[in-house]
Amino acid sequence: MSRKKHDKTSSMKKISKKGRFFFLALDQGLEHGPMDFNDKTIDPEHIIKLSTKMDITGIILQKGLAIKYSENFMKKVPLILKLNGKTLLSKREPFASQITSVKEAVDIGANAIGYTVYVGSDMESDMFRIAGKIEEEARDYNLPFVIWSYPRGRSISKPTNPDTVEYAARVALELGADITKIHYTGNKKSFSKVIKAAGRCKVITAGGPLEPLGNFFKDAKNIMAAGADGMAIGRNIWQHDDPLDVSKKIASIIFGKKR
Amino acid sequence: MSRKKHDKTSSMKKISKKGRFFFLALDQGLEHGPMDFNDKTIDPEHIIKLSTKMDITGIILQKGLAIKYSENFMKKVPLILKLNGKTLLSKREPFASQITSVKEAVDIGANAIGYTVYVGSDMESDMFRIAGKIEEEARDYNLPFVIWSYPRGRSISKPTNPDTVEYAARVALELGADITKIHYTGNKKSFSKVIKAAGRCKVITAGGPLEPLGNFFKDAKNIMAAGADGMAIGRNIWQHDDPLDVSKKIASIIFGKKR
Amino acid sequence: MSRKKHDKTSSMKKISKKGRFFFLALDQGLEHGPMDFNDKTIDPEHIIKLSTKMDITGIILQKGLAIKYSENFMKKVPLILKLNGKTLLSKREPFASQITSVKEAVDIGANAIGYTVYVGSDMESDMFRIAGKIEEEARDYNLPFVIWSYPRGRSISKPTNPDTVEYAARVALELGADITKIHYTGNKKSFSKVIKAAGRCKVITAGGPLEPLGNFFKDAKNIMAAGADGMAIGRNIWQHDDPLDVSKKIASIIFGKKR
Amino acid sequence: MSRKKHDKTSSMKKISKKGRFFFLALDQGLEHGPMDFNDKTIDPEHIIKLSTKMDITGIILQKGLAIKYSENFMKKVPLILKLNGKTLLSKREPFASQITSVKEAVDIGANAIGYTVYVGSDMESDMFRIAGKIEEEARDYNLPFVIWSYPRGRSISKPTNPDTVEYAARVALELGADITKIHYTGNKKSFSKVIKAAGRCKVITAGGPLEPLGNFFKDAKNIMAAGADGMAIGRNIWQHDDPLDVSKKIASIIFGKKR
Amino acid sequence: MSRKKHDKTSSMKKISKKGRFFFLALDQGLEHGPMDFNDKTIDPEHIIKLSTKMDITGIILQKGLAIKYSENFMKKVPLILKLNGKTLLSKREPFASQITSVKEAVDIGANAIGYTVYVGSDMESDMFRIAGKIEEEARDYNLPFVIWSYPRGRSISKPTNPDTVEYAARVALELGADITKIHYTGNKKSFSKVIKAAGRCKVITAGGPLEPLGNFFKDAKNIMAAGADGMAIGRNIWQHDDPLDVSKKIASIIFGKKR
C-alpha cells in the first residue's frame, strides 16, 4: 500500500509572514448581513481594493465575492475561501452547510479554505463529518485548512468562556485543521492555556464587533503575547475612518518581534 | 494546478438587452396553482405564444412547460429554466427542492437557470448547499445563474422589509448568483440601498400579484430609477386585457435611457 | 453543446389506442392491502390472466407482480410499472418512497413508469425531487412518465375539491409528466376546467372504490365528455362478477367517438 | 434495449428441499441480545456446529457470525445472510438499517439474503426504498431475496392480527421478495388466507419465543397444512435440551408429504 | 463468482503481543475536552513521546493528532485510528459521525481502525449502517476493526449494567468487529459472561476516569482473569505522576501468564 506524501509547508508560507497570519475578514455579508456595513463598505469593491494596500497575508471571502471581484485582488492578496456559511436570521439550532466544494475553491484560486464548526450544537455531528471530508480533500491539494471553531447552540451557555474556547480549540486540532479561528477569551492567561490545548494547530482570533481602537490594540497585543499565531479582523479595520492606518498598526503587533 | 476559464459575458448578453433584463414569469402554475390564471391564461400555450411577440429577454418556466411547449417558443424567446419549486399548499417551513438538474436544463435548451432560496427559513442550509452546487455546475456551462432570494419562514416577520430585502440581495451575491430576483421594498430610496448591497450581482424585481396599471408602472419606474437591472413580471402582464400593450410599456421603462 | 433528441411519440402509442388510455390498475395490494380483494382476486394470477382478454392499453403493477407473473401477461398487455408506493397503515405525513429504479423498470420490460406525488404533503419536496430525477431518466429512455397527482396530508382538507384537483393536475404538467392520474371532481364542468389546467399533459382518472355499475358508467361518460384522455380502473372492474363484460363497456366509453 | 435474463430456479433449489425451506435462525444476538441464550448457546460455535448435523436448508446469520465462524459451517449449511438489524433497546419508531451490502454478502458466500421491513412503521418508506434496491441487486446476482415482513410501530395495534399479517405477506410479494418470513396468525384457516395473499412469493414462518414442544409441533403442522413453504426456527430448537432431536421432528413436518 | 480472500492474522499480530492488546488511549481531546488533561498532558507531544517508551501494542488517536504528530510515533507505536467522535457538549441523543474515511486512515498509516457505536441510542441505526460499511472496507484492506460498543441514550438506564454490557459486546460480534472495546462491569464473574457473549470477537476494556492505582490494578487483574484480551487505558496512565512506571505494571498484568 503506497502512502501519498502531503506537505503543506510551502502552501502555509503563502498565507503567512514570519510564521504569522493576518487575515482581513470580509464574509460578514452572509453571516451578519448589510447591517455590519456602512455606506462605503457595503460595496465589496471598496474593501477589496483597500485590501491590496494592506500588509495582510490573506482575505477571507465567500465564493460569490471571490468570483465577482477576482480582478481586484487575485494574485495580489492570498485568498482564504470560506466553504460554508449561514445567515443569522433563522432561529434553528446553528448549522452552516457547505456552499463551495474544495475542488471549486481550487478552481477559483483559493490559497486556503475555511469551514465553520459550531461545537456543541445539535448539528455538530454533521459539521464534523463534513469537516472531516474537507480535511481529506484539502490534504490531497496540500491546501491549508482553517476551522472556525465556535461554540454555539442550546447547550452552550457562554461561547467565550475559557473552558469552552479551550475545548473548541482542541476540537480543531483533533479534526486535523492547520489553523483554527477562535474567540478571544478576554485575557492573556486563559488564552495562553487555550493555545496550548490546540497543540500544533495554529491559532488565530476572530475580530468581533467594532470596538474603540485603544481597547482593540490592547487586546491584539495580549492575544499575540499569549502565543497566538495571528488574527483575522474585519469590522475593526474597515469600519474605521482610516482602515489602512489601523491595518498598519495591527500588522506591527502581529508581525512584531515581541509577544 | 490548471484553472478553468469561465466567462459568462456572452451568455449574459443572450438574456439581456442594453444590459437590462425583462423576463416574463410563467412559473405560477407550480408556485401558486390555477387560481393565478383566468380562463385564457390557464392554457400555457396562450401565454407562451404571446411571449414570442413581446420585447422580452427571457421567459421563466419549470421544465414541464419548457419541454411540452418547446416548439412554441424555443429559439424565439430565451429560456430561464427554474430548477426548483413548491406548491403553496403545505404549511411546513418553506423549502423548494431541486426538480431539474443543471445538465437536464442544458439538454432542454435553457439560456439561464433559476433557483429559489428562502433566506431565513429553517431549511436555509439545505438551499444554500444546493444553490452552491448549482452555481458550480452553472459556471462549468457558462450559464447565467439567477437566485430568487426570498426571505421566508417562521423567523421572518415581514419579507419586504428593506433591511430584510437588503440581506436577501447580499446573500445572492455571496452565493455567486449572476442575477438576483428579489422583492421590491416599495420605495426608491430604500431599494437603491438594496441594490448597493448586491454589489456586482444584477438585481431584478419580482412582479407580485395583479395591481392597477397606474400603480404598477409607477413602481416599475421607481425600481429602474433606483438602479435595478430589470424586472421579471407575470400576472401584471398576462392577467391584463391587453398583455402585449402592457409589455410594450414595461419594455420602454426597462430599456429606456432614463433611470 | 449537443442536445439529445427525445421523442415519445411511438412509446406513447404503445400504451394507447386512438389516443386514449385504458389502464387496469392492480397496485392495490401494496396501497390498500388484501381488504381490497375477494377470494378470487386476492390471487394476482387470476386478474393478470383476465387482463390479457381485455381491450386495455396497459396494466399497472408494482415490480413484485411484474416480475413474478411476467409469463402471464408480458408482450400481451403493456406494462405501466409503478415505481413508488406505501401501505395505508402508518399515520405519518404521506410519503411513498421509490422502490424501483427507472433502469430496473426498463430491465423488467416496462412500457411506461408511474410515480405518486402527494401534493401539499409536508413531504412534497422529497417527492418533487425524486419525480424530477425520474422524469429526466424516463426521457433518456423515451419512456412515458405517469404522475399519480394526489393531494394529501395535514394541509389538505378535501382531496377531490375541484380547486385542489386542478392544482394537482397542473403540478403534474409542471413536473414534466406525460400523463397524470388524478381524482375525478364529481362533475363534468369542474373536471373540464381541471383538464385545461393540465395543458399538454394527458389526463386520466383514478377509479376509486367499488361503486354500483350504473353510477360508475355515468361517471365514466362524464369524465370522457369533459375531455379526459382515459381512465385507470381496478376495483370497479375486477371486483365485479363479470370483469370482462364491465371492461368491454368501459372500453366502449373510453374509445368511443363521442365525448 | 436488451433485457437481462434472471433465473433464480437453481439458486432457490440450493436453499430448499422438495421445494420446502427449513432455516435455523441465529440472528437473535443482535435482535434480542444475550437474554435469548443460555450458557451453552451464548457461544455461536456451539449452535453453528450443531447446525451442520441438522436436516436444514439454511442458517440465518448476521455478517459478524458468518465471517468469524465461516470455517464451521461454510459449504456444509447454506447461508441466509441477514442484511439489516437492530437491537430492541431503543424506544424510537422501529427501523433496522442496512449493515451489509449485497456485494459483501456475495463476497462472504451467502446463498440468499434477508432484509426486515417493519410494515406500517413511520420508517416504512425508508425500508421500502432500501428493500427495492436490494431486490434489484439480488436479481443481478440471481440471489434469493427473503423479506422479514413484520408489522410494527405506533400505528400497529396487534402484529399477529390475521388482516395485518395478510397485508404484510402481500407487501413482500409486491416488493419482489422470493420468500417472506412472517408471523403465524395462530390458526390454519386464517393463515391459509395469508398465504394466498402472498401469491407466488414463498411463505415461511418466524419461530418466536420458546414454547412447550407439544404446542410447537402442533403449530408447525398447522402452518404447513395451511400451505406454508417452510419455517425458520431458532429458540424452539437450540434452547431445548436435545436440539438435534427437535430439529429432526420439525424436518419431518416440513418435508413430510402430508400438509 | 470469485470470492476474495481476507485474512487479518498478520495485521492483528501487529497490534498485539502474545495475543493480548494494550492500547494507550489519547482520543479524549475530542470526546471530553481539555478538562481531562493537566498542564503537561494537554500537550499531545508529551504523551505521544512517552508512548514510544511504553510496552504497548498501539496508540488510539483521532486523525488530527495522527497527522500532526506523525513524526513522533509513526513506525514506533502502532496506530489505532479512531474514525468517529463527538464532544460531550451537546444534549442531543448521542451520535458520533464519521470524521475519517477508511481510505484516509490507510493513507495516514493506521494499523487498525476504531468506530464508536452507541448501542440503544435513537441514532443506533445510523451507526450500525456506517459501522457495516467500515467493516466491509476494513476487510478489503485486511485492517483490524475495533468497535467501541457503548450503551447510551434516553433508553439506557445504566451503561455498565452486566446485561447491557453483554448485549453491547454481542452487538460488536454481530457487526463483524475484530475487537470490541467495552465497559467493565465491575466484577470478574459478570464480565466473564460478557466475554462469552462476544464469541470470537476480542474483548478489551475502556479505562475510564482516573482511579487510585491500587483499585485500578485490582480491576485490571480481574478483567484479564475474566478472560479479556486486553485493555485500552488513557487517563489512568498519563494522568499519574510516573506514567512509564504505571504502564509497565499494567503491561505485566496484560501480558503476564496468569489470568
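Order of writing sets the chain letters: A, B, C, D and E. Residues in each chain are counted from 1.
Note that in this section a contact is a pair of C-beta atoms (placed from the backbone, for glycine too) under 8 Å apart; a residue touches a chain by one contact, two chains touch by 3 or more.
Note that this is a predicted model, so its numbers are computed, not measured.
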{"item": "Subunit C to subunit E, fewest steps along touching chains", "value": "2"}
{"item": "When subunit A is superposed on subunit E by its C-alpha atoms, the rotation angle in degrees, nearest 5", "value": "70"}
{"item": "Centre-of-Cα separation between subunit C and subunit B, whole angstrom", "value": "34"}
{"item": "Euclidean distance of C-alpha centroids - subunit A vs subunit D, Å", "value": "55"}
{"item": "Contacts with two or more other chains, residues of subunit D listed in rising order", "value": "none"}
{"item": "Chain contact graph, described as a line, ring, star, complete graph or other shape", "value": "ring"}
{"item": "Subunit A - residues contacting subunit B, complex", "value": "27, 29-30, 33-35, 37, 39, 42-45, 62-65, 67-69, 85-87, 89-92, 95-101, 104, 106-107, 109, 141"}
{"item": "Subunit A partner contacts - residues on subunit B that touch it in the complex", "value": "1, 3-4, 119-122, 124-126, 128-129, 131-133, 135-136, 139, 151, 153-156, 163-164, 166-167, 170-177, 193, 196-197, 199-201"}
